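Quick one: this structure, given as structure tokens, is what I'll be asking you about.
For clarity, chains are labelled A, B, C and D in written order, and residue numbers in each chain start from 1.
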Amino acid sequence: MVNVGIIGASGFTGAELLRLLPAHPDLNVKLVTADSQAGVAVADLYPNLAAAYGDMAFERLDLDNVAQQVDGLDLIFMGLPHGASQLIVPQIRGKVGHIIDMGADFRLDDEALYPEWYGEPHQAPELLGDFVYGLPELFRSDIAGAELVAAPGCYVTTATLTLAPLVKAGLLEPQGIVVDAACGVTGSGRGAKAGNTFCAVDENFAAYGLMRHRHTPEMQMAIGRHAGTEVQLLFTPHLLPANRGILATCYARPTAGTNSESLMAALHAAYDAEPFVVVSERSPSTKAAMGSNTAHLTAMVDDRTGWAICLGALDNLTKGSSGQAIQCANLALGLAETIGLPTVGVAP
Amino acid sequence: MVNVGIIGASGFTGAELLRLLPAHPDLNVKLVTADSQAGVAVADLYPNLAAAYGDMAFERLDLDNVAQQVDGLDLIFMGLPHGASQLIVPQIRGKVGHIIDMGADFRLDDEALYPEWYGEPHQAPELLGDFVYGLPELFRSDIAGAELVAAPGCYVTTATLTLAPLVKAGLLEPQGIVVDAACGVTGSGRGAKAGNTFCAVDENFAAYGLMRHRHTPEMQMAIGRHAGTEVQLLFTPHLLPANRGILATCYARPTAGTNSESLMAALHAAYDAEPFVVVSERSPSTKAAMGSNTAHLTAMVDDRTGWAICLGALDNLTKGSSGQAIQCANLALGLAETIGLPTVGVAP
Amino acid sequence: MVNVGIIGASGFTGAELLRLLPAHPDLNVKLVTADSQAGVAVADLYPNLAAAYGDMAFERLDLDNVAQQVDGLDLIFMGLPHGASQLIVPQIRGKVGHIIDMGADFRLDDEALYPEWYGEPHQAPELLGDFVYGLPELFRSDIAGAELVAAPGCYVTTATLTLAPLVKAGLLEPQGIVVDAACGVTGSGRGAKAGNTFCAVDENFAAYGLMRHRHTPEMQMAIGRHAGTEVQLLFTPHLLPANRGILATCYARPTAGTNSESLMAALHAAYDAEPFVVVSERSPSTKAAMGSNTAHLTAMVDDRTGWAICLGALDNLTKGSSGQAIQCANLALGLAETIGLPTVGVAP
Amino acid sequence: MVNVGIIGASGFTGAELLRLLPAHPDLNVKLVTADSQAGVAVADLYPNLAAAYGDMAFERLDLDNVAQQVDGLDLIFMGLPHGASQLIVPQIRGKVGHIIDMGADFRLDDEALYPEWYGEPHQAPELLGDFVYGLPELFRSDIAGAELVAAPGCYVTTATLTLAPLVKAGLLEPQGIVVDAACGVTGSGRGAKAGNTFCAVDENFAAYGLMRHRHTPEMQMAIGRHAGTEVQLLFTPHLLPANRGILATCYARPTAGTNSESLMAALHAAYDAEPFVVVSERSPSTKAAMGSNTAHLTAMVDDRTGWAICLGALDNLTKGSSGQAIQCANLALGLAETIGLPTVGVAP
């Protein structure tokens, strides 16, 4: 058994790990930390977990003795607000075998992007190069056996899985892409704020973070790295009145000769052997992915207007976060990549 | 008092007229037809209307004696499935003072577009030129006093109000525009079908009608007519898990010199005097428009990628259909344009 | 014109007044106070109101000079958290013609119930007897011309309209009644808290406030006062994944000879002349009432088990709060009771 | 491996079996029949299942050669509309080892209840006595090794798990019980009808089937059989604007000496060893159960009014149908009862 700790376990990505891990035969949760919820039983904060976690309670992270607190753990998942991992990873690195960070702290390879898009300089830039990027379908060999993994989040995973193979195949122009996306409210986290109350979201639909959403440069980086070219895109997120699910509707200019068939062929070539990607002619729907680690993709060219339309859907908490983190953990640990991860969605 | 008939009153656009008309002091509903619901009390099909319509019941439209059935009516609203108005208007034209059609049968000026986008030739092409296009903010003078009005629907109204003044002002390139939009489920009508059941839509989000949605040529026509130029655009609708509301997130290439300020200035210039349009820096939300006849608009240029982003939101059943039809009726009848129409939305 | 102030205008009951008042020809909003939102434009907090309120902004209530701040106002609506009205009413009473309080501070006639159910003694018990109870259908003559009105809230209005005429007619036993009810999330107010976030409520259903909900004694008082008897009931509220709407499903023991016909006859006798009550055989639905000031009621006896089932539905923010407050204001001012109030619901 | 067939696989209970079975190591789906969807790929009707079912398509049930069609199967699940199993079971009994029926055809032990509550006489009454009742927590020994199992549905499972141990312990009067319940829209099946369209349900709440819901006598039978007494109850279902989930809020008269502590003690005694039941002081919520096979229960006595309030929540498609059917299949086959069944819910 692999002894696992979750630092930042009370947020939605932590809760999703706790939901998934009972089905994993090899990972054994030994430590769950959550400062604001320290002392609270897992079952009281998340009654959906009551049957599996008995009396387990969240513990406070002891920043002065983190190394001691994680002693004996083989792998740590981190589900913290942006900025927090930068302070903790330097303390625990080397004390545990593997760290899978679900936040953005170690995803960008260019240190300069942090002040530009996150508003503050990185606190541990020397570690940026030590993390591998945890998107298994595109960077699997980097992740196998890795010590430090920065797993991408929901928007980036969706856009990158959808677009990267097509750009890499030279079928789409890498500049001027539009990623128009919508994500369920779990994407905004557990904390109550004016913008995520039921009455603010229910029966509503609006764009947010216009032109300046933080995940824009990461999309450009991830697609560009896979494709081996510079990518520039505009990203427009919308808040969807749903708990989970993300859909990216992407518009790009096809290169000469690209048509619907060549786009689909490239998606099939990239993903037909992947256990967590479904490529089909169906218009991807968020509900098909609900609760699963599966992404659903399609693409086509509109001959009339000369646009390529590429769509991808997945569950933002599973393939878009915690499911992907477990997939990375499996790879890092040398386990079968699919262990413990559902491929079918909870619908209807 | 103006005696009003609603032909096709049991569908959602008919029901929305019935919801709005009790607040209108000058329009008096005398006839409501609905073949599939003939004999059913309005209050039984729509309990929300019970307090205003007492024992009024839907009647069957007598196609052999339509002229007699509408005798004495001053104005008729038509809320029929596509194709039906083409058969009825020739029979009742001239028998009543004004006909406001909420369907698409008489919106397109080019007869050839019907077989191309609707799959069948038009049955009364000689009447196409007699209808004026019922979008008051852009074609008000055409509608004043008009006998025959074809009022545009939700997607077209939203995209056209958002984009037309900007294209007309020469701020946006008229080609290569993307209209990425989402609409609540009332947009798919009252009839039960697999795609509009609760379990198909709730907690779901997906695109539909990819590349071939029928309202595409109408958007191009309406924006182009107002702007005096040829417009080409790609329209991608999505089904929103909400009863009402439509949001269009539009992407276009700004012309040289266009910036966020000039876009906003053009919107303010076009709409500040309009009672049913709100232009602001806020990201438009469907919920702000819910139940009202008001459209909410904004626009900006992303200097980094060189895209203009133009957003518009409204209630698909009100400003996107029945409210707009009443606005047109007011104009056609020479009444004050705002009578009987709410400007504030029902939120939260 | 009647000059109106709203003290506590930024909460949901205040916002609902602001939504309804543009349709009222005689009430003119001159002052909107909201301490936490002082300085914020009404249109920024509630974009649905943008078309009607221009640049109007919330003001801070100046507790040291309240009398001066309300100078010139004819009528004040109060939409404050429990306890706040008790402190303010003594300062403004007599400075304005009428005060309509939408909170619970002056609803109970028995001072001793406040510490028992609200956890603290009343701060102005000498005023309790000066307020009339603002449920027009049952206590209309008390409200006509009244200076001080305490309008009941959503749960109490629903249960009381449903049960009071039946208990008064001697058709139901006044003891052992169960009021099992569900209310949309607007009932929990605008402030963000763990329990009203989207992800806590959406796709969820649970009871809360079991056995001890504060509105229990008020239901007993209101039904009992109208019926002239002592009433004892158990009230179980549930949180409904919807913005608005309240449904009460009530169970009571019929007295000897009571049957479905006598229950319906009593409801018809009580309400057929009422503009805001619909009695029918239909099972009342919250959506029928949405956005309207109308309550929908029915009742029946199950011969098999000997239970009477009495159901009522209304919009918790309209008939259950702000619409009712305007109805009371109309009565207090001597205006027609229905002015400015919608009877039809916004559906679908 | 156990070869499994699902007759009636395209409905929601069939789809839920298909969702759950990929996680079951011993059950192998070999046949899925669905007449209205014959020839359709599972993945096209249910895209959430695409990653697990490849090209598997629904087959037409050949009523003339059913025995041949099921040849080689060890176990059959039946997910048919009421009445259909009565015609098929006589043909396949003995041809397969085990039949688990998820419909109501073989649940009632009293043949006379079928015409009274279902409107028509039973077609195979001689088989009623051969089926065991598939509620494992209360009738486990009957199910172990059973050939024919009639698994109860959502409402009955919820009410019975909540009330039966308390009635059996003599803590509640078995007469005059009220079961007030709400269920998500999956409870009404996959077929599109006016009552389950999105716009009919969303933002709505209403009771249905008042006094005459078909599952009433089954609740009385199941509770009464476990408790060894005659039970009479009134059942009032409501339609919840959610995909899944059922909550029963039950009211009963406590016997002398019963208090909250004795109710909770009885629930703990009955269920603390059960893997799929959580007893706690928390108010049960449907969301906690979502997608899991777990029921959440609590109970209390209100000393003021003398009512016992007993609440239970579960997922109507999992523990309320297909999860329970798999639990029964495990017992019938002699496998570990919990194999393949999730205990944690998908939340948020």
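Criterion: a residue touches a chain if its C-beta (ideal position, glycine included) is under 8 Å from a C-beta of that chain, and two chains touch if they have at least 3 such contacts.
Every value quoted in this text rests on a predicted model; they were computed, and no experiment measured them.
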Considering only chains that satisfy the touch condition with chain B, which of them also satisfy it with chain C? A, D
When A-D and B-D are ranked by contacting C-beta pairs, first comes A-D
Using each chain's Cα centroid, which is most distant from the centroid of chain C? A
If you average the CA atoms of chain B and of chain D, how many Å lie between those two points? 45
In whole angstrom, what separates the CA-based centres of chain C and chain D? 39
Where the CA atoms of chain A average out and where those of chain D average out, how many Å apart are those spots? 36
Listing for chain B: what residues touch at least two other chains? 12, 186, 190, 199-200, 202-203, 241-244, 285, 287, 290, 348
Interfacial residue positions of chain D with respect to chain A in the complex: 12, 15, 18-19, 22-23, 43-44, 46-52, 186, 190, 202-203, 243-244, 275-276, 278, 280, 282, 285, 287-292, 294, 296, 342-348
Chain A residues touching chain C in their complex are 12, 185-186, 190, 192-194, 196-203, 241-243
In the complex, chain B residues that touch chain A: 176, 178, 180, 182, 184, 199-200, 202-208, 210-211, 232-234, 236, 238, 240-245, 247, 249, 251, 283-287, 290, 300, 302, 304-307, 309, 311, 313, 348
